[in-house]
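In what comes next, chain A is part of two complexes: it sits with chain B in the first one and with chain C in the second one.
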Partner chain A sequence: MEILFKNVDYIYQPNSPFQFKALTDVNLKIESGSFTAIIGKTGSGKSTLIRHLNGLLKPSSGEVKIGNLTITSSIKESQLSDLRRKVGMLFQFPEQQLFADTVEHDIEFGPINFGTTKEKAKKIARESLKKVGLNDEFLNRSPLELSGGQMRRVALAGVLAVKPDILVLDEPTAGLDFIGKKEIMKLIKKLQLEEHTTIILVSNSMEDVADYAEEVILLSKGKVIKQASPNKIFSNKEITSALGIETPQTTVLAEFLLERGVDFKGSLPINEKSFNNFLKKIFEEKKKTRIL
Partner chain B sequence: MIFGRYVSGDSFIHKLDPRDKLISATLIIIISFLANEPLSALILGLICLLILLVSKIKLLFFFRGIRFFLIMIAFTAILQLLFANNGEELFSVGPIRITSFGAKIASLTFFRFSLAIIIATLFTLTTSMIQISDAVGYLIRPLKIFKLPVDDIVLTLSIALRFIPTMLQEISTISDAQKARGSSLNSRSIAKKIKAIVPILMPLFIASVRRAEDLATAMIMRGYSDGKNRTKFRIMKWKNRDTLIILFLLFLLIFFGITKK
Partner chain C sequence: MSNKALEIKNLSFKYRHNSKETLKKINLSVEKGKWLSILSRNGSGKTTLIKLAAGLLENSSKGSIKIFDQEVNQENFASIKEHIGMVFQNPDNQFVGPTVQDDVAFGLENKSIERNEMIERVDSALKDVEMIEFANREPNSLSGGQKQRVALASVLALQPDIIILDEATSMLDPKGRKSLLKLVQKLRSQYKITVIAITHDIQEIEQSDQVIIIDGGKKKLEGKPAKILIEDEKLESFGLEVPFTKRVRKRLFELGIILPNDYESKEMVANKIWKYYSKM
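Up next is the complex of A and B:
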């Protein structure tokens, strides 16, 4: 399902002293099956933007199109239930949302709400748990006795259980250890490649964005500053430094080398793979100059 | 809903001592029960309007915020108007008699309860949670003679008030998360609605217990033992204007008390 934002404004608590315009004239297009990252400083409106993807927030003006459903400020809650089944959403710190007595029941919550039978939900719970890298032993444990990382996985399993076409993740790896982060990111990438799930990832880790995303949406103060490939975003020094956006470690390292007099022309590397190419090119240049 | 919320500002009303505001709000509500004729009601109404204007709170925002209460009060008043039977008859429509007595108690009900709501809302809109708990803490201090653990009560109160906004925030994120998983919170059926509440209350409850534990640990680690003889970080300053306001209200109270028929 393709996602389209047309002139979307969003105002929190309109007509009160707490009124706050969190999104201003947002226009964007996210292709079906793509992996899109949303980045921006804290308070830039990332969480507000993604809450529009399943109708938790409705645009104050403008419209959001998801597949063939158009969401405007006047849409009714009853028209959104189908959308909620198709768009899975993992919120910031999702371990907060666990409530059931066992992991199994918590994962079954989504499928049962969307009309799956009890037996089928049971099967789905098992499968989803496996997908997030936890074995069957966890099914009967209380979600409250798990570690933070395990809770995060259970929450993700609860979202995957609904088999969403679009998966939205709000900083899914914040606060996890290095290996935990890598596993979750790999799992998400796998969902995109194997099940053609559209992935929308809010992230503060520029390394993750550079490694996994195909498209980046850069937000600042509720406005879309740029939508482009990670390569284009991170190599655009004007934008990244003006907005105080970090660049991936590899880009920083490459810049450092250039400052020290290494000769290189072309776009800077943003992840391990492109860094290897970067080094290769530099050495090839060196060899050529030595031969001459 | 704006009752219980705080809008920061620097108006005269915002700057008054919170103890003064708490006492004055209480006094005005007491006075409203003495004011039972048009002139005294008018005076009191004007005082409220004056406070509202001086506090620089937007009128539209204010009245929209308390609209629900005003409608409920009006509804009650209309019932009284329709069903009070004694007193002389003003006019009648079919079986319904509108009497002078009914008209009087209906207007009094409306006046008193709306005034109480307006004043209480104004108080919380212009006084932060921290200030309210400081003021309450100060005013209940005399109860120490009765061996009441006043310091602990104040601490509990201020922690509770401090975490109300946090909990409201949590309720909204958790209910978003459950709605995203298809919870039927917005369903028409009451049974479904009630069923959808557990997945929201459970995590909220768990989070609160966790937070209480963390907070207690942090307080003990930082050397908190009990509330006794602690120096105050925020100091409330009682000014002459605070005394004047209280005196004025006391004067009104006595005056209305004496002239009451």
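Up next is the complex of A and C:
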């Protein structure tokens, strides 16, 4: 499902002394099956924006189109129920939302809530758990006994159980250790590639954004500053430094080298794979000039 | 007061429902005013170790834990508690007051500190963490980094000798993380506070005086950050990330460029590469 924002404004507590405009004239397009990261500092509007994707918030003005559904300020709650099944949301620290006595009951809750039979939901719970890399043994365990990384997976399995077309993830790896982070990110990428789920990732880890996203939406003060590939965003130093956006470590190191006089014309490396090519290239070029 | 903030001897620990020991024969000593980082992947026993040291879990082993020469046990719990302040992982789970200053005052009220002194201490703690302008704000309206600063102020107001950071930065963005660690470093030297930080992030150990790595409940490595940061293979085997500049060094080696095996910042590595490059 394609996502389209047209001239979207969002105002919290309108017509009150606390009125606050969180989104201003947001226009963007997210293609079906793509992997898009939303970045920006705290308070830039990331959370407000993603809450429009399943109708938790409705635009104060303008419209949001998701597939065939157009959401405006006047849409009725009853028109949003189908959307809520199609858009899965994994909020920050989702393990805090685990509530059932067993992992199985927790994962089944979504499908049953959306009208699936108990029997079918049981089957779905198994499949979803497998998708997140946990085996059947976990079904009867209490979510509270699991490690942080395992709980995060169970929460994700709960979202996947309703088979969303669009998966929205708010800081899915925050607080996990190095291995846990890598595993979750790989899993999300796999969902995009194998199930063609549209992935929308809010993240503070620029390394994750550079490694996994195809498209980046950069927000500042409720406005879209730029929508482009990670490569274009991170190599645009004017924008990143003006907005205080941290760039990937590889980009920082490559910039240090260029400042010192290393000769390189291509776009700056944004992840380790492209950094390795960058290193190889600069030394090869240097050797060539020496021979000439 | 003794010069040893924490001394652990031969500590093993097993949870009742577990068949295996969570901690195995840990020995550890931290001098007053130093910064110890306990580094390990999730589920390796570091939180258990900290809970035991703070008296939040009862030490049922033969091993001993001492805070400033006093054995940590139920009888001594009240005075042990006086020494220690803790900041936890999730900024949203540690607020009790309706405003920032009420929150910082909470611990002082519990100790029946006299009102004038309380106001003074709250003010000075909020100044120390650079959050005084936010004194009347609602904690919920703050960013993650600001919330952790307030949590730190609440701890500081109680004037502890030891501050324990239990993955206190792991929910923050890279800037919030750096700035919180810098602040802790400043407070440590200003008030001679001992810092014990548990983390799974290798980038966070740079500022510490002493690092231990725990894996599978055992102490596997101990030393200064410079020594720990160059142990690429060992770090990997303990499920930890090899520092970025060390990964770069490895890549350079494959290209036939050999840098010394020291831990260095990105800028220093850039200088080395440039030196090599410009002489080519």
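Throughout what follows, the second predicted complex is superposed on the first by the 292 of 292 C-alpha atoms of A that agree within 3 Å, B and C clash if a C-alpha of one lies under 4 Å from a C-alpha of the other, contacts with A are read in each partner's own complex, and residues count from 1 in each chain.
As a convention for this text, contacts are C-beta pairs under 8 Å (C-beta built on N, C-alpha and C of every residue); 3 or more make two chains touch, one makes a residue touch a chain.
In this text, all values refer to a predicted model and were calculated from it rather than measured experimentally.
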Which superposed partner A:Asn204 touches (first chain B, second chain C, both, neither): second
Contact breadth on chain A, by residue count: chain C or chain B: C
Chain B versus chain C as contact partner of A:Phe99, first or second or both or neither: first
Partner chain in contact with A:Ser32 - chain B first, chain C second, else both or neither: neither
First, second, both or neither for A:Ser81, with chain B first and chain C second: first
Which superposed partner A:Phe109 touches (first chain B, second chain C, both, neither): first
First (chain B), second (chain C), both or neither touched by A:Val262: second
Chain B versus chain C as contact partner of A:Met89, first or second or both or neither: first
First (chain B), second (chain C), both or neither touched by A:Leu176: second
Those residues of chain A which chain B touches in one complex and chain C touches in the other: none
List of chain C residues in touch with chain A within their complex: 41-43, 89-90, 143-145, 167, 170-171, 173-176, 200-202, 239-241, 244-245, 247-248, 251-252, 255, 257, 266-267, 269-271, 273-274, 277-278, 280
Residues of chain A defined as touching chain C within the complex: 41-43, 93, 147-149, 174-180, 204-206, 244, 246, 249-250, 252-253, 256-257, 260-262, 272, 275-276, 279-280, 282-283, 286-287, 290
Contacting residues of chain A [partner chain B, same complex]: 15-18, 51, 54, 56, 77, 81, 84-85, 87-89, 91-92, 94, 96-100, 109-110, 113-114, 144, 158-159, 162
Partner chain A, residues of chain B touching it in the complex: 2, 7, 57-58, 60-61, 64-65, 170, 173-174, 176-184, 186, 198-200, 202-203, 206-207
